[in-house]
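Shared between the two complexes below is chain A, which pairs with chain B and chain C, respectively.
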Partner chain A sequence: MKLDTSGLESAAPVWGAPSELVDGFSAAPSFEVPNTTDFDGFQKEAIQMVKPAKGTTTLAFIFKEGVMVAADSRASMGGYISSQSVKKIIEINPYMLGTMAGGAADCQFWHRNLGIKCRLHELANKRRISVTGASKLLANILYSYRGMGLSVGTMIAGWDETGPGLYYVDSEGGRLKGMRFSVGSGSPYAYGVLDNGYRYDMSVEEAAELARRSIYHATFRDGASGGVASVYYVGPNGWKKLTGDDVGELHYKYYPVMPSTVEQEMVEVAGA
Partner chain B sequence: MARYDRAITVFSPDGHLFQVEYALEAVRKGNAAVGVRGTDNVVLGVEKKSAAKLQDSRSARKIVSLDDHVALACAGLKADARVLINRARIECQSHRLTVEDPVTVEYITRYIAGLQQKYTQSGGVRPFGLSTLIVGFDPYSGVPSLYQTDPSGTFSAWKAHATGRNSNSMREFLEKNYKETSGQETVKLAIRALLEVVESGGKTIEVAVMTKEHGLRQLEEAEIDAIVAEIEAEKVAAEVAKKAPAAPKET
Partner chain C sequence: MPKQQANWSPYDNNGGSCVAIAGADYCVIAADTRMSTGYNILTRDYSKICKLADKCVMASSGFQADVKALQKHLAARHLIYQHQHNKQMSCPAMAQLLSNTLYYKRFFPYYSFNVLGGLDNEGKGCVFTYDAVGSYEKVGYSSQGSGSTLIMPFLDNQLKSPSPLLLPVQDAVTPLAEAEAVDLVKTVFASASERDIYTGDKLEIVVINADGIRREYMDLRKD
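Up next is the complex of A and B:
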């Protein structure tokens, strides 16, 4: 299985390119390098320019009953909130979910692409791909585009033959296996609540409530997160969307307004 | 007819690819190879040409492993085999790297067959002149498998199969005598099939057994000799039993 470099092949054939039969490796992709004195500095600047801050909060954790996945739904362009209703949990296939953080287009496209690859794997091998395998496919693709400005911080959550699986994959090419992850600008706040309340043997309801609370608290403090807190559960029979609550409403649910006695009242003063 | 056999990429008017058929001829001239699948193991047996006195027999192994759980034997051009085996070994590791799982026997067979097919549809190349017998255990299901590929790039699964020289007689024998076996019985069946076409002896047969626990194990010459002796003894006993069908009843 080659690394997927199909996106990098130039249209014109390269002279002396090794034929596919001779060896399994295609010609290294190449492109023109700009004329600067400080190429490394230039590259750093270019990366900083295209690398948008991942304004979002997503989290996922494995517990006794399976995997819980939750995310907010706000999309921001700098200080402008472009949407409050973005689907940040992407359904790769009936038993695997991916979360979106970073560039929305990048995440959506590559998750769709991963879904295609997973389906092709199933058809060719007559069995479902493992979460390990799917996350590795995505990580290899993202690695081959390293340094070209992709911004993807995603978690692949699913249930396969070996049980629940959770991997964190990002556009730097990193891939980590773990039990609890949170990704995005709101992740520190989510981690605080999640790490505090986490127990391995929770019921599905308890885990869903923990996930919802963590997202809510992140949206409370982080300006780039908000909208609707969606919670999905991945079990042995696949994923299921549990709830989608507006975080504004959640706030008043957790902290209801207490009517308090008025100390002083403003009264209309009779004209002097 | 001679006009249509120069290049691989030319069909003959009656739908033949002559180069592929000639490759199959090369296979038919290669050494005999047999594979038998048991319930808990798979056995490969190959005919060994008598080794030259000064040759180090260990360097000329005909049954090779592609990974811990997959092995291959072939009949045909040995140099072509080396190339195919190397590509298959790389693919086994590449698969482990990209999906963190060992290959299934079906997957690597499909890969090898695909490779053989590619060389029947390109310009300036000739097909690989060998048929392979691929055996192994699938990593999770633990089911033993036996597959065969040929120069045209087709592959299929078998309970027992033979290829190479005199494969027809071996296949006939297997069809007549195959039954579900396990352990040593499977080894005996494979050797019996080989003995149909090979002069007997541990010197002329190479046998290897693949089990789930121990992977591929090449049988020693002494072991093979012992089994051959057993088979000969059984044959003799069968002959005697045939010659005296009505044993006099002791009263």
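Up next is the complex of A and C:
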């Protein structure tokens, strides 16, 4: 099975024929693979030792006015919270967003790679790439690395000539077109709130509030999700970040502490 | 006879901790100098800090052989960049280069936990923190290594910087002065050495500011 390494080739050679000195570096980089008989076993061990950052809640849905995309910002390495400020909504270009769930490095790298390929498409074809096309490019790359341990669960959301578009793409090679998705360890909780409150004809404000609430509820119940709930809106003029709220503060906003009447009061005992 | 599995691992963990803090016009990067394997100390005087560019310094803990290979690779790429562009690489550019370098070994990772610190093009401090396969983000402060679970909560408490994801956008760099930040780092390592067996011996502190780079040392517990 030949791996699709086209994503790693640089666009053009740097200065004509590569010289002896820079040969090792300017040649198209390919992934080094360990020299072992048991690739699977080695990957399992390496990933356990290295514990790459993962864990998440992300969601996206299409409604009358466009696409709403939201995510939390926590990254966990095993049981340790390695960061509370990870950018999980990746700006591929001014009218397309990708979400990150699964391995942080996998998602960051392949989304950046997708952004490059989308730009190359624009330059080669003198028009923007469609959401369908972009998601297919990513899905094909991930399919060629199927079984090698990549962990990517992403949604590609954007606005192209046919209107709003939303695709779910994962590292198993799956690619689904849909109206509503939630991905990550906190997705069951987000689905509950999202499916309950969803209507196609919502306003942008209502949709943003629904997205934010869904993320908040997922962070409340899922230990691997937390941090800041970011909400983005994708419309005919591209994407715009609407809100970024700390979920700890959202909790007290949604469920403020009610002062209760005091029944018995403890009094300080004076002296010995 | 059941199939024999390999009992040789290409990896080892040499321990140690690193910290970096970004300020308005400076950046502090520090690491201890103990190198261990298992319960043995290999040396008390090993530097985990490497200068990659004029305004860019990396500290790495984990498997020092992989760290050394990574440092060499980045130094070589920086030299090529200088030949091709006639200038030094900026810290954010080096940050992305490091991320890509780590990811190209996604299926045979560098066992190296890095923090990158330096000044960006405007002279403001910046710190980038990585996992072993290359995911990275710009933060106000970070720690990596065996003592990081002890150090990070303390830094969160003292430096709690607002998340860069909040709207309206708030600045991530700490309002602390340079001398206070260096003091904080010394305190942090003194505490980490008390409770982490892999951290100790000596602390190496590197401070980058508009005047250049300066290095400082402090003794830590040797037990």
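The rule is short, and it goes like this: the second predicted complex is superposed on the first by the 215 of 272 C-alpha atoms of A that agree within 3 Å, B and C clash if a C-alpha of one lies under 4 Å from a C-alpha of the other, contacts with A are read in each partner's own complex, and residues count from 1 in each chain.
Here is the rule we go by: a residue touches a chain if its C-beta (ideal position, glycine included) is under 8 Å from a C-beta of that chain, and two chains touch if they have at least 3 such contacts.
Since the structure is predicted, the reported quantities are computational estimates derived from the model, not experimental observations.
Engineer: Would you check which partner chain A:G103 touches, where first means chain B only, second means chain C only, and both and neither mean what they say?
Structural biologist: second
Engineer: Between chain B and chain C, which makes contact with more of the residues in chain A?
Structural biologist: With both complexes superposed on chain A, more residues of chain A are touched by C.
Engineer: Under the stated touch criterion, which partner chain does A:S130 make contact with: chain B (first), chain C (second), both, or neither?
Structural biologist: In the superposition, A:S130 contacts chain B only.
Engineer: In the superposed arrangement, does A:V86 touch chain B (first), chain C (second), both or neither?
Structural biologist: second
Engineer: For A:N140 in the superposed arrangement: first (chain B), second (chain C), both or neither?
Structural biologist: first
Engineer: Check the residue A:M148 against both partner chains and state whether it touches chain B (first), chain C (second), both, or neither.
Structural biologist: second
Engineer: Check whether A:E161 is in contact with chain B, with chain C, with both or with neither, and answer first, second, both or neither.
Structural biologist: The first partner, chain B, only.
Engineer: So which bits of chain A does chain B touch that chain C touches too?
Structural biologist: Correct list for chain A: none, the interfaces share no residue.
Engineer: Using the touch definition from the top, list the residues of chain A that touch chain B in their complex.
Structural biologist: Per the touch definition, chain A meets chain B at residues 1, 21, 24, 121, 124-126, 129-130, 132-133, 136-137, 140, 161.
Engineer: What does chain C use to touch chain A in their complex?
Structural biologist: It is residues 5-6, 9-11, 76-77, 80, 84, 99-100, 102-109, 111, 129, 131-137, 139, 149, 163-167 of chain C that touch chain A.
Engineer: For chain B, which residues are in contact with chain A within the complex?
Structural biologist: Residues 87, 90, 94-95, 98-101, 104, 106-107, 110, 118-119, 122, 125, 140 of chain B touch chain A in their complex.
Engineer: Which bits of chain A are touching chain C when the two form their complex?
Structural biologist: Those in contact with chain C are residues 8, 14-15, 22, 25, 29, 31-34, 36, 38, 41, 43, 45-46, 49-53, 73, 75, 77, 80, 82-87, 103-109, 148-150, 227-228, 230, 241-246.
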